[in-house]
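Working notes, beginning with the structure itself.
Order of writing sets the labels: A, B, C and D. Residues in every chain begin at 1.
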């Protein structure tokens, strides 16, 4: 008999909340029992998320949480830390998709954000990324799902640290290209279609808060810059690194295979023939897969590392479900089997 | 115990073939045992379809077909009629996704195409669309999957005939907007990105062959015109009709509910609040759903009918799997559960 | 010596206002002396319109109008009728780009809009479209620039009436596809990039107000429906008409050449070879040209008419400058020589 | 009296050739007397470039060159070096838009390309970029127009060298995002709309030939990587540099103003309010302007430099006309006054 867990999504009218509903609705071991939204209370989830028009569920009051096994919080940054006690009261496992519990210490948090209401909980929260932290997730009660850009960068760079190609003192440039869903639903003038379509637009070119996560989990600072480009879903990180000691392409294959050969959601894509030779967000749109790849630049003593994810999936909702699967002892890939589409436009 | 059927895809390196592989790979009752491609023989299916990089299957020689329960033919128009005997020898159920067997008579075929090699088979082939032809599909040995534009138009207009709002003599304008995947993989100058992006480009503005299918299955001619627009997947048909007798919006709801209330893959979308008030290809991208809707124009005595599908799914590969499910006696929705994405860009 | 006229743009921070500033800035006979904006007072025009970063002009208070020769009003519908006296006091020629003065009678206005403050002025205003109304523009004091969709439809259909192919009693379907700039700057959720990109979205499928203009200037009603598609600029109208008497393709060429052979801004595009065989918004992006074309559908007794404009140019700002040129006795093409770009994406 | 020069465009059916025709057609001092194309001989230029439908000119035989003042060669790499004698015989000033004459020495050329037919001419050719090489252009007989990516990178970085912020030994990462027109007309599978739309696709991630130009003209090597993104026109370079000595934002403003305050085609864009705070290709689409900007990253000791151009304009055809203007002693901005559009989609 299949185990079944009750789940709720708090803040379910946003993009991430909708994606979670989609995933959980198709999850063989999960029943969605509640989706909250203050703005859309009593409306069907399909009235906001057109792909969910067939789902028999209405948004309910976020102040009236039902008891569930697992609660996913998709509220804006700062809300989870305020409501964390009620979340934990409602659910044995809370997966928070905001930035509230990603960093380990109050000092780190204060450096990048503005004061934490519940700093004593920071050390208890587990970072969701299973490729980084699988061993600490089973039974976890508070899980912090990672930032999309940080996830892309960490997945691309991690093998170089695992294999000692990098030691931590090197300069690392992380040049990221992201889609418009990263800005969330609603949008203002900058994300209106006439202004946002066709862009290559620098934003937060320095001092982006995801630097904090990358630094916290890779153990080294990075020089991060993000650019908005014309896609809806997707985050692509190109990392430029200069190892102190020379490496070969073979060394790089060994490093990446060493880190990811057994990972169900990471594909190594580097070279080959055909149209798709390096990681691309299009190739993983809608799926929980990450693609990572690399190229050696002997002329400049450089390694170029590419990684690509769907920011709504591996970068948020998919990562959250993956972590919950590990936390609850379920099959890691349960509910996350969708392969993505080909062709797909600007996903 | 779950039944399991062996399936093969002939012409699997094209867009439709890739979509079929994706669907069949995730189908609970189907094992894909062969995917043929002359150009890519021995390459992995993932080398052409990046979303299938995890699938352990290589393209094989199309002249060496294995025995299977169901064979899907994704070859260019004209190939299936040549190879139909070998297809039927290899499989008890053949689903042809080309135009070769869609029309019923040689006369109809000759009017729109150039001579049929096997006209005696035309009458035996069943049109795939289950919403139109469900009762004839169980046990069918030769199934002709419909054209994407025809499917969109037929699904939009059918309820008006079912409910006698239209009787067949009226003029019907079908104005269609389609994505670039309809042109298939490869492409020439007109479908190159610089020329094709951002277009509203009339093509085949008159005399489009899908008129034939619509006429054959609705029993009335239509004035059909297609436009290329900037999306990869999707077909949207806007039909403008003028009924002889006045109807009310209530009559239209009755008509559409009468035809589709029990259909697992058709949603009626008309009016309401929010962003998505009428059928849109975005809302069904990647899924096998069709959306249909309508609006009454009392000033002009007109009904405007909207329908939207993913041309790769309900318009080809999804429709084919749906029909095969009915033919084989499987759950109709098996392998077709994917709900689509929100948000999604230009899918 | 070159004549020079002083011009002002009221409501200059919107898309249409910015386009007017661009055109007037490059106009050999016009000096821009004022650009008003309540929201951006004292900011440079380049701070809102990045293409105008080199223009030495700041937004000023709309309540403090300078005396000029020609004033272009780009205010929202309803504002011009309130402020028309101050506009006319400030300028001998007022070109209004809103819908306030497009219709001829209060009765027409009331049927489509909500009460007019100054109905007595309706009969005095001249409709801007020179192809329709050139003879009445010289010396005009109040000019009403047409709606973009109406302009596209009128230009496409007019030759059929000029040449008596249509007489006015026939049913005419006008199926329009438009870009996101039509919604103006700012935007809400429906025009946010994640929701708006990749769409084929019906809006105002019946009862669109531009029907009123088309009816007023063609003398016959039309069945109008608009769809948002993925481009920023552009409006494309496909008209489906059924003449009572049969016509030949030669008749159509005669009709269209008869109406447009001498027009500096109308190109007839129909058939031929290459990628661009019918009118396309891409081909006129940024330019004041309209493309019109047609195809005969003998099977259905139908003529399909295509027309394409840049909604910001021929559909608003370009049309306004063209009309002002005629009104002031200048060269018609002055300031409107830009040819458009090739290739261009989703302009 | 206005001077007038006769001009021809060799290889005029490609994207760059069409852009040159557009510019020269509107140039006050130039008459286009010949446009050659072997494939389209005798067809009108408007049959290939739809924006030029009004231009009374047909493609002619490239082997039958007329005598002109200035000849623009838009032939594929390798053709100009073969045909250079006939070009120079036909015209006193030859502007070559291929890579054939960009580098100064045979040794440099051989390192990046495959053998030069006329290496003795390399030293005579002047690099077109006026911001770099204005003083050598007047009277030049052979001008090599620069590569688009190299132009973007050089314009962004040059002020840092001019002002001694960088000295040449530092590592410089140049991460470039480009549109699909860079691949030229025609296209293959990778540039077909379904595969190319919505991408962030690394290509030539290392060893890109534009590194050679950047190195030649900045005097230092760079680590260059390019990504295809979803626009048709545009190249955007983000350069990440780490100066040895600390600098302030004020120092950077001084450096950039020092290099560009008098330049007619370079805008410094950094910070401020509104939607467009840094350089963006959209803001210069169709125009010959470059935007450059910067941001200081004190945490990482980094300067991030942004530059954006239209690859068809400042990156090729516009730069070529600009250089020809200087060579012929004309007003630098003649024929290059177009300001660009706002809004504009994916230009």
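Here, a residue touches a chain if its C-beta (ideal position, glycine included) is under 8 Å from a C-beta of that chain, and two chains touch if they have at least 3 such contacts.
On a predicted model such as this, the values are computed, not experimentally measured, just so you know.
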item: Winner on C-beta contact pairs when C-D is weighed against A-D; value: A-D
item: Chain whose mean Cα position lies farthest from chain C; value: A
item: Chain C-chain D separation of Cα centroids, rounded to whole Å; value: 34
item: Chain B-chain D separation of Cα centroids, rounded to whole Å; value: 45
item: Centre-to-centre distance between chain D and chain A (centres being mean Cα positions), rounded to whole Å; value: 38
item: Junction residues of chain A - those touching two or more other chains; value: 15, 179-181, 185, 189, 194-195, 197-198, 230-232, 275, 280, 282, 343-347
item: Residues of chain C defined as touching chain B within the complex; value: 171, 173, 175, 177, 189-190, 194-195, 197-202, 205-207, 211, 221-223, 225, 227, 229-231, 234, 236, 238, 240, 242, 275, 277-282, 295-297, 299-300, 302, 304, 306, 308, 343-347
item: Contact set on chain A toward chain C in their complex; value: 15, 179-181, 183, 185-187, 189, 191-198, 230, 232, 345-346
item: Touch list for chain C against partner chain D, complex; value: 15, 18-19, 22, 25-26, 47-55, 179-181, 185, 231-233, 267, 269, 272-276, 280, 282-287, 289, 312, 337-347
